[in-house]
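Common to both upcoming complexes is chain A, partnered first by chain B, then by chain C.
And now, the complex of A and B:
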């Protein structure tokens, strides 16, 4: 088991970082080339000011009509995404590992907080799963891969909580935690999770078109 | 009669051993985390003597070391002092902070020898 753990935290970790970074850069380049081929004139009105104005509105809960129209979804979405990003970056155990591998360090969350944030992520995945099943307009645009990415997202958090409390076999669940986290990183460029890279660009595109061309709001 | 005598001798020996055991200080079962202001994990399991015997570590200064001018002294040891006496909470030019010192010392050897625990939950065990 420890040999598998060494494999997962050594070569596999490097491979997953490489695929995550390389794949993400490739996706961005691909998008840029597509925009240049199909919508050349986009670059004539692309505006930093209107881009930031759009991002600024969409990044604040209830600052857009759409957010206000779906209050429950808005609260869940914001709580979910914030927890999803904050937990892995500020989890004490991860800060310890960065410090001990690279001598870089930053403040960490107390473990009790990290548990609460992890439970929010898991609850969010359950919410989105149920929503895909019961809301007709969402079910209509749902494919199998949407369920797969919900599972991929939940997995590192579920196994992390189990390993933290040392339920079942702590070695097995620590290993599953590492491997599922790597799988999630690798999945970013190849699944709809890439909205993590594209969301700000989508807003820049919409914001610029509405602001500079249509002279209207996009929120 | 021989039987009875032998039993008596064994019983006496056991009594002496028990007295010695009770008289000596309580055996160490875990590394205390009390130098840390707000410990977040259960103290790491470490049955001092049994561990070192099982791992076949002879030299006390494998862990209880003394440095002078950046070099480790071969024939000096510091078991009369706690790690926290020399290792502060954060790193200090070349001297690892306390948490890192423990982890480098314990995990470092386990990784090198490919024996002994390397996962968080194997050392910081909840009961």
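And now, the complex of A and C:
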């Protein structure tokens, strides 16, 4: 177990960060080069002003017609995504690890908060799972990969909470937490979790087209 | 309303599609799909397919989905699943029957209205994806018969309706003569080099709506506009090839149109009340030719009427009395931002204006655009039944008193007329130009 833990927090951690950062940059570069080679006109229409106008509307809860049409989903999705990003960055245990390893430090969340945010992520995954099952238009387009993504996202949070409360075998769940977190990072460039990378770009392009060419709102 | 719950019905046989798939082999299909997916598309397709998180939030944007009792197969993402996702997943190994169904979905279950792009959190352009499917089907020769006939007409005559060169000139002279009965010194100036404005119309106007040319001539004459129309092919701004996937013909058409305007050395092209033609000359065709924006400024009729009224070149003698509502056509509203100008024109010409809900960029499509109405009778029933929400929207405006639906777009005009008849709504459609012609001061 100790060997495995050392492996997971040593070489595997490095590898997962490398794949996450390198893979994400590769995906973005690949898309950029493809656009340059085949659809160079895309850059002609990109407008910073209208990109930001569009992104600005869509990253604010209830700032678009469609967010307002789905109030529950809107609250869940914003709470879910924010918690998903904030928790791993500001969890005290993670901040301590950064401090020990690199002597860098930043303010951390109180543990109680981190638990609440983790539970929000888990609840969000449950919500999305149920929504995929019961909403016909979502069920129709759901494939196995959608469940895999949900599972990958929930895993580090579920195992993290279990490890924190020291339920079951704490060493096992700490190990599972580390490994599932690494798996999630690695999955970003290779699954549709890459909407994290691409969504701002597609939104920017549509915002630019609507703003600069069509003179219309896109929210 | 007599019919509130349309039943799904298989469309009548479409010879264009049946004959098209008859000669297909899997190998040929795969080649065409590969040609488009790895040769003609690029970053957009990749980003859209990779980014879509399958959330279904685009569904409620679609009038098909809403009108067909939330059938997921009619959700925008559902249409992508049935077509493009399958082609990608099976690496192009699909059969003729699949291509037939893909053509029907892409060409008759989607108006390319882009409302869903405003409902997708990521701004994924499903209309573009449906055009990619149409392109593949075009390369395979699988196209609904009626719209293929218009594309053939475009190819042979450079207009949509098989109007012959002499018939075109003859029609203009006929309308000039008619209008001179009302305004004796009116002219429809042909081939006037150096005129300020080229006035362009779609093929159906000379073919069966010649009175619209009459009305436009009166408006242009009274406003004292220095204008002209070409006596050569290139007069037609319409473009069904854009909707069949025949980009090469689209390019020929737009080149001829712009070159005609350039030959006549006009400053601007003013076009009649057509939405898809606006899309073609302002957005799509010009890009195919390498112009990021049109090489000669394009002014849609709404914009032009607005200009004439604002500048006082047209004065209103008496307001239009019957209460009106306004349909916002996708291609000039989501495609050109003319919604406020359209309202300004309506308010200047009509005494009672009632808004439809939703409106402006969020208005429901007419279900005729994107070439759907041009796919002809086999799909008419499906088309009108797929826009029950439009009927309900118009009925709600009628309850508030509206008697006239102003539809400043040819496709919308015909589509909404069909909806009014099918759902027995008891209102009438008018072009903005009809209203303006009726209320303006004439000498």
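The criterion applied here is as follows: the second predicted complex is superposed on the first by the 217 of 219 C-alpha atoms of A that agree within 3 Å, B and C clash if a C-alpha of one lies under 4 Å from a C-alpha of the other, contacts with A are read in each partner's own complex, and residues count from 1 in each chain.
In this text, a contact is a pair of C-beta atoms (placed from the backbone, for glycine too) under 8 Å apart; a residue touches a chain by one contact, two chains touch by 3 or more.
None of the values given here were measured: they were computed from a predicted structure.
Chemist: Will chain C clash with chain B on chain A after the two structures are superposed, or do they fit?
Modeler: These partners fit in the superposed model.
Chemist: Check the residue A:166 against both partner chains and state whether it touches chain B (first), chain C (second), both, or neither.
Modeler: first
Chemist: Considering only the touch criterion stated at the top, classify A:49 as touching first (chain B), second (chain C), both, or neither.
Modeler: neither
Chemist: Regarding the shared-chain residue A:38, is it in contact with chain B (first), chain C (second), both, or neither?
Modeler: second
Chemist: Touch check for A:100: first (chain B), second (chain C), both, or neither?
Modeler: first
Chemist: Between chain B (first) and chain C (second), which does A:133 come into contact with in this model arrangement: first, second, both, or neither?
Modeler: It touches nothing on chain B or chain C.
Chemist: Touch check for A:68: first (chain B), second (chain C), both, or neither?
Modeler: The answer is neither, since A:68 touches no partner chain.
Chemist: Anyone got the angle at chain A's C-alpha centre between chain B and chain C, nearest 10 degrees?
Modeler: Once the two structures are overlaid, it is 170 degrees.
Chemist: By residue count, is chain A touched more by chain B or by chain C?
Modeler: Touching more residues of chain A than the other partner does is C.
Chemist: In the superposed arrangement, which partner chain does A:215 touch: chain B (first), chain C (second), both, or neither?
Modeler: In the superposition, A:215 touches chain C alone.
Chemist: With both complexes overlaid on chain A, what's the closest CA-to-CA approach of chain B to chain C, in Å?
Modeler: Comparing every C-alpha of chain B with every C-alpha of chain C, the smallest gap is 36 Å.
Chemist: Considering only the defined contacts, which chain A positions touch chain C in the complex?
Modeler: 31-32, 34-35, 37-39, 41-42, 44-45, 54, 58, 65-66, 69-70, 73, 132, 135-143, 146, 192, 194-195, 198-199, 201-203, 205-207, 210, 213-219
Chemist: Which part of chain B faces chain A closely enough to touch in the complex?
Modeler: Residues of chain B touching chain A: 38, 40-41, 91, 99-100, 103-104, 111, 114, 117-122, 125-126.
Chemist: How about chain A: which of its residues touch chain B in the complex?
Modeler: 2-3, 5-6, 92-93, 96, 99-100, 103, 110-111, 163-166, 170-171, 174
Chemist: Write out the stretch or stretches of chain C touching chain A in their complex.
Modeler: It comes out as residues 41-44, 46-48, 50-57, 59-61, 65, 70, 72-73, 75, 77-78, 81, 117-119, 121-125, 283, 287, 292-293, 333-337, 339, 361-362.
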